[in-house]
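In what comes next, chain A is part of two complexes: it sits with chain B in the first one and with chain C in the second one.
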Partner chain A sequence: MAKHRGKGIAAIEYPTGMNQNGDPSQCWIKVKPDGRIDVFAGTADIGNGSKTIQAQIVAETIGVPYDWITYDNSNTDSSPVCTGTFASRATFVAGKAAEKAALQVKAKILEIAGKELEIDPADLEIIDGEVVAKGAPQTRMSISDVAAAATWGHGELITGTGAQLKPYAAIVDPETGRVDSPPHSAISYAACAAEVEVDDETGEVRVLRLQQCYDVGRAINPTQVEGQIEGGAMMGLGLGVLENCYPYYPSVEHRGGAFGSYLAPGMEEMPQIDTILIENPSQDGPYGAKGIGEMANNPQPPAIAAAVYDAIGVWITELPITPERVLRALEEKAAGKHEPRREGKKVVFDEELSVNTVSSGGIRFEVPA
Partner chain B sequence: MNIVVNGTAHAIESGPLTPLLDVLREELEITGPKAGCHQGGCGACTVLVDGEPRRSCLLPVAYADGAEITTVEGLGTPESLAPIQQAFVHHYAAQCGFCTSGMLLAAQAYLDGGGTDDPEAIQEALGGHVCRCTGYAKIVDAVAAAARGESFDLTQTAVGKYTTVTTGGAT
Partner chain C sequence: MKVVGARIPRYDGVAHVTGRTTYVDDVRVPGMLWAKALRSPHHHAAITKLDTRPAAELPGVHAVITWEDVPLLEYGHLSALGIPADEPLLAKDDVRYKGQPIALVAAESEELAAEAVERIEIEFEERPALLDVRQAFDPEAPKIHQWGNWYPHFEGGMDRRQIRKGDVAKAFEQADVIVQGVYRPAAIEHAPLETQVCLVVPEPNGRLTIYSCTQALYFSLGVVAAHLQVPLNKLKIVGGTTGGGFGGKVDTATETMTSLLAMKAGRPVKWRWTREEEFLCSSTRAPWHMEIADAVTKDGWILGRKMLTLHDSGAYARFSPYGLTKHSFHHTGAYTIPNLEFDGYVVFTNRVPTTAMRGFGVTSVSFAVETHMSRIADVLDLDPYEIRLRNANRIGDTSPNGIVYTDPSTVPTIQAIAEATGHELSAEFRTMTNEPRTGEWLPEHLVAQLGNPEEH
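So, the complex of A and B:
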């Protein structure tokens, strides 16, 4: 009876946004007479930081300080449409709509400033909230003055709109299934290496370290995306060794009875978490960004399962990897049962041991008639 | 019964066995304490009762009769955040925010008790609080920074521990 250490690795790919399903996001921006900027969008910030990210995108695109931006997503009636915060799309799709709207605002600011300064707008740029003549930086006009001139002098509202929509792809060749546009806007990639300690007496699996590597396209706010990855690590750890939504399924009373019977990871389960951000830019996202919100908790469970195999030589093929499952697998291995066998490069699991999935043509549980 | 919440005295009309959480949220409309599990399991309802962190969902208000209660509203104001609140902002220690008020009060009690920046001691002190978003790492970082008495630039987010690798072309 001893504790065994093992290491495992898993890699995944994940599409960003509802590709092929045409999920639009829209954004509307207006500039107040004092040059401060109001952004209206319907993206709900559920803690993923999308308000911050989209405000950053608008500030960067126009060329003004971040704190000039007021981002208003307070209601979906007065705001343009955003289909929602899902499919890892709040930065990738809605952020792109914000970038497009900001580009229109920037063009309008330069147009008004061009009239005021009597300079071709193409010869103007915006630096830190000021319109500056290229090559003649002494000729300049603050955006506050541009917005005031637009409001009180030109009788105009500086505004911009943006929308992002991945059009439906159509199958153009029924024989080959070829489609008329790429099925995905962007694919994110990630890998997780897990280090675990398994107690072969109690069956307990303790995750010691999760080293995670995510292709984020472009880290618009690196600390926030690291926060999402760290959060995903703990969710993935929970899915790997603790959390079971329906422990008694298919019993009618399959749900856990109390809050405490659903084992979400706490601080004491926190392993060493190391994060590597890969900036492998996308073509369609704002500033090359991709979305990693949903994939953040995907690679940990298989990495943990591989690490458990490395530690004690048994494959656990059902999640979560509970002490009961570890001990049962060890007993079955000792009895010579359910040994996965190697066929060339593949590891083949016993039929009975493997979890049937809907895609493999079966379901695991049947409710008695 | 009478309780003092964030320095203001209130006469309580609810029955003596009403959970303190319900008195705060429903009768006094102080909504900083969150009703998470209502079973004492998640920590979101934590308030300080005479300086000690307590699960207000399990505490009958009669037990708090005459006590001084601090909710997150009493820690600081939006214009003048308490140091622990500044630490959470600077270190990006909140995502959805539901656990945050309970975390802040437990952390405040830890600091008031002379807590250090030792990560294991912080995990011990805040271990009963569940957070589903952050993975806890940045919460521990924030409490440790506050324990060291650091000052925080709220216009900047702290730089995390990540390393970045940049590739060439777009995919």
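So, the complex of A and C:
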């Protein structure tokens, strides 16, 4: 009886935005008389940090400090359309709408400032909350003064709207699955290496370390994207070795109805996680960002499965890789029953799980030799 | 860049960590009633009797609703995309999963609402359940859905999602080795800390204010408006702060039913699911059944792939046809495989309907194709990093549905992990890039893969 260590790797890709598109997000912004900025969007923050990301994008785009931004996503009366926070779309799609709205606000600020300073707006820029003449930085006007002038002098509201929509790519060829245009907004990539320790007496798999690299396009907020990646890794770990609604699937018996009887990962399961970010910018995302929120729990299960094989020489392809499954697989291996069937050039694993074994004449998986 | 790229603290971080964020269940309004649901105790049964009068007659009960109270009983999650609906908001003639809502009560307290639910008179005639997707196609399988046991409404009236690319028969003929495997990731819970919860306040002007934990305010707005058959200005969804969703709160699980109760009672109504309801009655990530056979050369080129996917949708379709389509579009993972034959079915079973969850449709296929890739490397005694780099998608390669990859990062992400782990790559793999394939990286079987070079 011993503990065995093993390593495995997985590489994945994942689309940003709803599959086949057609998922708008919109934003509108107004400026208070002292230049402070109110952002309205319908994007729910589910813990993914989209409030922060959109506020950052607006502050950066206009050229004001982050703490000038108030963000309101609280209701459907004041906030415009956002399809929702799913499909790894909040940063990319809703963030792009915020960027577009902020560009309109910036243009309006420069227009008012141009009138006040009697300078062509094209010769003005915004730096740290101040409108500054290009090449003549002593000529300047704070955005607070610009907003006051707009409100009390020009009788104008500084506002901006933005909408991001990639139209619905409705046509999928039913025979071939071909589409005419990309069914996504961008694609992100990741690779993950897992190191595990498997106890061949108890069957327990412990994930010791995950080393992960994600192409995020652009890290709008590195702390938040690292948080997404590490939190996602824990969810992937749960998928890999712990969680299961139906412990005897396909049976529906013995479902866990409480946290005490459903095994979600906790802090004690947390391995060392190393995160490497690559910034290969997307073409259309705000500041080159891509969406990585969902894919963060995708590469760990296969990397863990490969590491378990490396450790104890058995492939477990039904998730999660529980102690029971490990011990059963080790027993089968000891009895010489775990080997794939070899026939000609075919190497056939997992035949006992196949429709070819379980279905009674309903469906078959035919593979040419 | 000063703000973008900066490690700025969360906008709502202080409120979260000091417990001062207002979630839906923190909102209390005067005169608020509490809801409880009568749920199916059976996996599959006909409803032969339903009498809610004993519940309605209980003092302190202000409203009871059944399917008869819903203006539009069936509205699908994907109805806006033209996909037909199959799931009644409240069960009508039959129940198809344990936990399916049949009737709701609004009463002065949760205890009283629960007592009233107990008084509802209901009788069932149990029917055989279908639970194994692999047996759904069998002639003797119980018939459990009005459309048959699998979803029949893909484009062109197809009963499956197909991908066909290149010449699979030739690929398998040319292969040195064919590796076959079966992959079955489990159903899992979203397990948010905040269970499904909703508060609906009927306003004096005839509008409804709906406090919702939805992940998708406008999607839920559309779903409620459709069921209620009212214009959007009759409803105001208040939300935007969700106590954990992970996909499970895209389903509009509580908002419509609570709205109907509030309208009928003329009082605010809150419905909050118990932890047990959240685990046992809320939708889950789908379990998937995937079979892969790859045609491979002995030096590790993947010439072709045959794949069969059975997506366990549970009792109704919800978002599953969308999830399966997305799954099919990504079934080659981060690699370029020129010859493909994919068949995927959305299969109905008598379990809680499955729905979107983080990585929807792709988490499953990532597990399958990556574990399969590791197996192929082992069967052929090849380096697991190098076989991935060899097949990695490159600029100009095309996806399963014919889209040209413009800037894939498979190569640099794998190289970065090789460096981080100290895994030594041979020079050719250490120096390769995602640039368009040439020379030895352009074997004959991939020539046809290249898109129009003008497009890159």
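In the analysis below, the second predicted complex is superposed on the first by the 320 of 369 C-alpha atoms of A that agree within 3 Å, B and C clash if a C-alpha of one lies under 4 Å from a C-alpha of the other, contacts with A are read in each partner's own complex, and residues count from 1 in each chain.
Going forward, a contact is a pair of C-beta atoms (placed from the backbone, for glycine too) under 8 Å apart; a residue touches a chain by one contact, two chains touch by 3 or more.
All of these numbers come straight from a predicted model, not from anything done at the bench.
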Superposition-derived comparison: chain B or chain C, residues of chain A touched: C
Chain B versus chain C as contact partner of A:125, first or second or both or neither: neither
Partner chain in contact with A:339 - chain B first, chain C second, else both or neither: neither
Touched partner set for A:232, first chain B, second chain C, both or neither: both
Touching partner for A:264 - first (chain B), second (chain C), both, neither: both
Partner chain in contact with A:204 - chain B first, chain C second, else both or neither: neither
Touching partner for A:273 - first (chain B), second (chain C), both, neither: first
Touched partner set for A:302, first chain B, second chain C, both or neither: second
Which superposed partner A:46 touches (first chain B, second chain C, both, neither): both
Interface residues of chain A shared between complexes with chain B and chain C: 46-47, 49, 187, 219, 221-224, 232, 235, 258-259, 264, 274, 276, 278, 280, 283
Chain A - residues contacting chain B, complex: 46-49, 67, 186-187, 219, 221-224, 226-228, 230-235, 258-260, 264, 266-268, 270, 273-283, 288
Touching residues on chain B, where the partner in the complex is chain A: 37, 39, 41-42, 92, 94-97, 122-123, 126-130, 132-140, 155, 157-167, 169-171
